[in-house]
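Dumping the structure here so I can ask a few things about it.
Should a chain be cited, it is by its letter among A, B, C, D, E and F, assigned in written order, with residues numbered from 1 in that chain.
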Amino acid sequence: MLAVVFRSAVTKYKGLRLPSQTVARAMSSSGGATPPYTTLAISRPTESITHVELHRPEKRNAMNSAFWSEMVTCFNELSEDAQCRVVVVSGAGKLFTAGIDLMDMMNSVLQPEGDDTARISWGIKKKIKKLQETFSVIEKCPKPVVVAIHGACVGAGVDMITACDIRLCTQDAWFQVKEVDIGLAADVGTLQRLPKVIGSQSLVNELALTARKMYADEAKSSGLVSRVFADKEAMMAGALEIAGEIAGRSPVAVQGTKINLIYARNHSVADGLDYIATWNMSMLQTEDLMKSAQAALEKKSPKTKTYSKL
Amino acid sequence: MLAVVFRSAVTKYKGLRLPSQTVARAMSSSGGATPPYTTLAISRPTESITHVELHRPEKRNAMNSAFWSEMVTCFNELSEDAQCRVVVVSGAGKLFTAGIDLMDMMNSVLQPEGDDTARISWGIKKKIKKLQETFSVIEKCPKPVVVAIHGACVGAGVDMITACDIRLCTQDAWFQVKEVDIGLAADVGTLQRLPKVIGSQSLVNELALTARKMYADEAKSSGLVSRVFADKEAMMAGALEIAGEIAGRSPVAVQGTKINLIYARNHSVADGLDYIATWNMSMLQTEDLMKSAQAALEKKSPKTKTYSKL
Amino acid sequence: MLAVVFRSAVTKYKGLRLPSQTVARAMSSSGGATPPYTTLAISRPTESITHVELHRPEKRNAMNSAFWSEMVTCFNELSEDAQCRVVVVSGAGKLFTAGIDLMDMMNSVLQPEGDDTARISWGIKKKIKKLQETFSVIEKCPKPVVVAIHGACVGAGVDMITACDIRLCTQDAWFQVKEVDIGLAADVGTLQRLPKVIGSQSLVNELALTARKMYADEAKSSGLVSRVFADKEAMMAGALEIAGEIAGRSPVAVQGTKINLIYARNHSVADGLDYIATWNMSMLQTEDLMKSAQAALEKKSPKTKTYSKL
Amino acid sequence: MLAVVFRSAVTKYKGLRLPSQTVARAMSSSGGATPPYTTLAISRPTESITHVELHRPEKRNAMNSAFWSEMVTCFNELSEDAQCRVVVVSGAGKLFTAGIDLMDMMNSVLQPEGDDTARISWGIKKKIKKLQETFSVIEKCPKPVVVAIHGACVGAGVDMITACDIRLCTQDAWFQVKEVDIGLAADVGTLQRLPKVIGSQSLVNELALTARKMYADEAKSSGLVSRVFADKEAMMAGALEIAGEIAGRSPVAVQGTKINLIYARNHSVADGLDYIATWNMSMLQTEDLMKSAQAALEKKSPKTKTYSKL
Amino acid sequence: MLAVVFRSAVTKYKGLRLPSQTVARAMSSSGGATPPYTTLAISRPTESITHVELHRPEKRNAMNSAFWSEMVTCFNELSEDAQCRVVVVSGAGKLFTAGIDLMDMMNSVLQPEGDDTARISWGIKKKIKKLQETFSVIEKCPKPVVVAIHGACVGAGVDMITACDIRLCTQDAWFQVKEVDIGLAADVGTLQRLPKVIGSQSLVNELALTARKMYADEAKSSGLVSRVFADKEAMMAGALEIAGEIAGRSPVAVQGTKINLIYARNHSVADGLDYIATWNMSMLQTEDLMKSAQAALEKKSPKTKTYSKL
Amino acid sequence: MLAVVFRSAVTKYKGLRLPSQTVARAMSSSGGATPPYTTLAISRPTESITHVELHRPEKRNAMNSAFWSEMVTCFNELSEDAQCRVVVVSGAGKLFTAGIDLMDMMNSVLQPEGDDTARISWGIKKKIKKLQETFSVIEKCPKPVVVAIHGACVGAGVDMITACDIRLCTQDAWFQVKEVDIGLAADVGTLQRLPKVIGSQSLVNELALTARKMYADEAKSSGLVSRVFADKEAMMAGALEIAGEIAGRSPVAVQGTKINLIYARNHSVADGLDYIATWNMSMLQTEDLMKSAQAALEKKSPKTKTYSKL
């Protein structure tokens, strides 16, 4: 959350101009955003898979103030939408996302207010918490979220993908924990989730402290992504295939798995074991278990069965 | 823990039959299980190494109700047995384990009871907690447990190996977090321990949500296993070598190390440091320290010394 | 913390002699230690980078009693020194460090005292806590610490490097969690931090329980180090380059990043998010943010700006 | 959260009728509820004090489905309303609240849905979490909440008051943890907060397990309330006086105090100390501090100064 | 856990003799212990209430080695016994308990073993953990435990009663945290549970550090007990009345309440709220809820209904 | 920590003058402070009891910058001083302490520094942490600290006494959580420790939010103090008596008790039980245990024995 204090800054550095070359050439896909959204294009590749596409390609999917609130609306709806069993997130155009849209944020929501430093600080905290919610809704959504990254994933983009469940990328993708370059400690998720997402703490620290780019191979070997694809087309096919595997299985099993994996990350093993025992005392009483077991005994895929909505 | 609710299910799906091909061909090793065990074969390759072999090869070492209680008896005894300093676990026959034995579990321990949903749930929780104990005893046993996996390790097999300390496998091994295929969230350890066992959270999620197989190479690169061997023979030799390295060292040092590693996993660094300082205020007062230091100064292996039982 | 009990041991094993070959040939670099330090050489490759060199090359940088206290003095000063923005740690001579200096520790600080076992234990705990502090100061220092390891890093050396932020090594480096060979559970940091530093728990356990050496390639693939260099010269150049990247950025951003990464390691994601929101409510009110953002908009490196001391 | 399962129950016990005497005589205060609320009357005794009155006196302020959502709206608004610096909660009519409105809840929101037990359970959890939010908003509101209880406070009423900051009551008040009488473990706050609110765990357990009434004297001696007043009039005067003391002080100090007290309850002392140090690094930079200190040096009340909105 | 080290001590202080006056006069109640127990008398005042009486009156109910294991057997059985819905614990004879039976413990279980200090320490820890289990079983038993104390409750007696749910005493009762008088920090529960059981930390510290007696009035005002009775007869009647209130209510509600109260004590409010929501997603699906609600609507006690076993 | 920002404030409110009447009349006791201390008088009523007297009576023992550092020196020394087994803290002159010395703090240590808000904030946090240490040393000191309060205990005085172990007061004593009156949330301990020190959360909140005075009777009934005395003379006699009880007992038992009580406050019961079992595996191996037990068997006080230094 970077720019609450830009107002005075703007005054101070009044000569400052955004170089024209930062206005990326339009590279919008045919569709455009899906109303009521202006930054997201929502589609349903299959009945139970929802595709959420970051869709401001002409702005390199930079996250403007509309985006920060549309994500919350979108994922809260998906959480309640029983048809949706898995979500795929990707970016339209030449790259996944350039991160926060500095200019837009400066001109809209980020207006520091308050009569003294304490009051300004109070307002800043409220805004940070609101921005954090934009990515925490991904984690709170019980449906698994597969994110497919191509081109570049910068700054707040990394905050976002660490809140997703499964990460895929193309061979040409690169990642950059950019915040230190803007003069702040990343505060919408990267510093909190990245150390729990990949196994090398030295690498986490290096990325966060130097803002160096990490390319697909290192993203794979470090475990940030679990698969690398040759290009975007192959990746999207792969993402839909994984999503299809998940969507075809029991939603009781799938969503219970996501919730318990996140619970386990934040608790001791003993607490985690007690929690899932409490969880499953009801969840095992599902028809899905019998249907799935029957499929297993018949040597068929669990996807051959139909499971009720959850 | 899957099948508590099978009773009504069995009634409902009464035509359901187990396909004959699921009855695996007998592939028992010469020995057979070691009385009083019917599913485990226990041996002593050396005085201080205990080998626990899953031993229902004709059933692909599927975990039946006998297995779930025999493991508890076995590891509780090993915990108390001062001669035993390290445990090696492996599977007899063609593969490590096919996971839970659905048919057996249906016909024996898994009978839901209770006059209403709450009471049935209560009973289910008790059974889950009991099954969890089957693998938690491995962790509570202060002696290190090396597990050697060949062929396949499916479902509850993964729950089990994540509770072991050191994981080895053969080149032909594969792993499958199977529970989502049976319609449930894994509740005997995988979801709680796997995220703390390997570094790529994206991979953990993908495995748990899609039930896809993971082969030896990915198991190695992701850190699930620390070594891969060409075949079972080489792996067992390697397992015994590692076990020998451990068994030859001071049991005060070895068992204190295991206990503190597990403690550290569940606590903050500050808590972990305080705990081991409290632990070592007595444990440093061991003869083993002088014996080991002497060996070090003599440029000999600590295994050249003899350490008292613990 | 190993040798508190050596006093009686020395009496018991009175014939014991340190083999002459353990006295390594002198391989001191030209400079020698920097007064008032006798085991550390401190220099400033640039104004804002401090180089702390373990400097007892003739003793393979073994950690004697002077070292344990000099490190505390040194890092407490660096914490307060506003000029210093990043620290590089390396070892003089043929290897990084041979770990604790057994003979020295026996002859100096490690004298168990107390009229009964409880009182001796009490004294041991105090000494362990003091030794732990030697490495915890690295973590408490808000300036990032890059450690560059060549040759060997043994025993307490591993405890030390796990408390650093970024780990680099040469192709000829190897690492050894040595404590189990000396008859004790490692108590100055390895068992607490290593499981949070690398992603493979099986590997952590194997290293700690068998004391086997791990070479550079495995250190890289397991994530213990984030980069491997051909030789020491290349590594030192690389370390300084990384340090330069960090030193040139906003110290508000850099040090806030380190503090929040360590906080996140020890807390749940929810706690971590709340903490950084509280942290940044003041830290975003820095001029560095505007300066850095301006550099970004001008497509320049943030290093082209000058940031006030912190 | 009790009645999700009433639907089938209603069918089963179809002869069941609500005894007419449970329909309490109308005892509404003059005003009535304040639109848009139907169960709450909101007023401003002074500019900075908001009075939230439970206002269904003819139903003994029983909590119907409207109440559960109106509370959330109300407190979320108060959280954002800079004029409001403290909240007083009380009940209109003869008593504070009779707790949940069973009949209303049965007829409206509580309709269990789902094709099997797991799906019904899933829906129940969502509803419980929503009901929990009704009282958690009191805790999340940074403005202190003083609750004034007269007559009776039953069931969900106790859940509610344990989420308030300061508890007062009349001499004729009594309290009853009623849930066990309805066949459930209290799940909207009492079991979680009561043990942290009063000091005698034996008393907490007795109240929760036997549903016995506790009268004003025991409420005072046990610390549930901090003051007892002769009658409602005296209590309301007292509540407003306390509220006035709070409202007249620096909102930076007051709201920071509430937030840190709640933080401290859920964390260790060390974590709490670090949190407030991080909090106050900005909050001490308030004009209020100088204004308040000046008042102190002038031997005047801090209320003689005016503090900016927060 | 005090006496592991008595063996050598006994040798050292060989002249030491137990003064004859410590052998209390026999004051056994008519019945005697209930086989297979030698230290406990078990009875059933009503079908669903179990009375566990400490029954070595001639030894002032001192806790000998038989007691420490019989308690575990007894409470594990009560946990499984569906008829038992509440437990009352009291002491036979002139007082509740004199605490640990020093002489018996010296002559039986407490034999330190091990070749060096570390190994002796290892054995001590195992014994302490076993003794801790004797009282932790009370807490793990899901049925509420009411303890009724008369005369004296000394040392391990205080450890025991802090693990019970509801504490009652007679006017002549006194309590003494005795361990500091024997030269040890209390290690079977008092130091861990007492601070969470009563609200005055100053009092907890004073009692634990000075071993002074606390009488009934202070026990009541501090919240250690929730009720004081004139004499033992009145107290036992009161205990049975409370037990009757509990036993007559829904066991689903009662046992869920106990489990969640204990969970809440050890977790944050947020964790506690999530846990009970997970718990109740199945537990609300009980017939008891409808039965209890019907009784409530009929203005009858929930005890007028019959609830199935749990 | 209040006054970091006074510097600019002083400029702003330049007319501000400290009213002469706040300069309390000298009421120094005969002795004066004990060199090298200027604010503390240290004495040894008995060989093993240290009396630390706040000693600026002419300034109502207000805490100036000297005090904040002298306390750290003093308690760190007492922690190491084996002769000292218990500490008594009291105040010289007419009252215990008026809290922080605003004027002194303004003129000395509290000089905010930094080029922007972030840097000023950074400095403030460092200063708060340093001030927190002044009282945390009391808690870290393993010897029990008895505090005896007369007259008034205001502001930082409350922060201080909540870090002590046993609290006593005179009938004329009163307590005031003063910080909210100065415009800040208390940040050197009160908000963190008071909720864990007394049982009524409503009272804690009321005191902290309104800054009202609490008198001796309420301090006693709420559990803030465990005893009230008629006057200072009686209290000091009582304090010394309690201190004598503690000092005469085994220091192994006494200090182990303090450490484990503080540990238990910050951890779950399960963690607390494991910690003390680890602690006592060495501490039970003390001669004190046998000496104390012998005294017990001889029906003598443990104080009749002599225990070695710790």
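Here is the rule we use: contacts are C-beta pairs under 8 Å (C-beta built on N, C-alpha and C of every residue); 3 or more make two chains touch, one makes a residue touch a chain.
Just so it is clear, the model here is predicted, and its values are computed rather than measured.
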Problem set entry | Higher-contact pair (C-beta pairs counted), B-C versus B-F | B-C
Problem set entry | Residue-number overlap at the chain A/chain B interface, same or different (half cut) | different
For this session: Find the geometric centre of each of chain C and chain F from their Cα atoms only, then give the gap between the two centres in Å, rounded to an integer.
Result: 36
For this session: Going through chain B residue by residue, note those that touch at least 2 other chains and give them in order.
Result: 117, 121-122, 196, 198-200, 221-223, 252, 265, 270, 278-279, 281-286, 288
Exercise. Can you list the residues on chain D that touch chain C in the complex?
Worked result: 275, 278-279, 281-282, 285
Problem set entry | chain C - residues contacting chain F, complex | 114-119, 121-122, 252, 282-288, 308-310
Seminar exercise, completed: Within the complex, chain F is touched by chain D residues 144, 165-167, 196-200, 221-227, 242, 245-246, 249-250, 252-254, 256-261, 264-265, 268-270, 272-273, 276-286, 288-299, 302
Problem set entry | Residue ranges of chain B in contact with chain A within the complex | 1-6, 9, 12-13, 16-19, 21-22, 102, 117, 120-122, 124-125, 128-129, 132, 136, 139, 179-187, 189, 191-193, 195-196, 198-206, 208-212, 221-223, 265-267
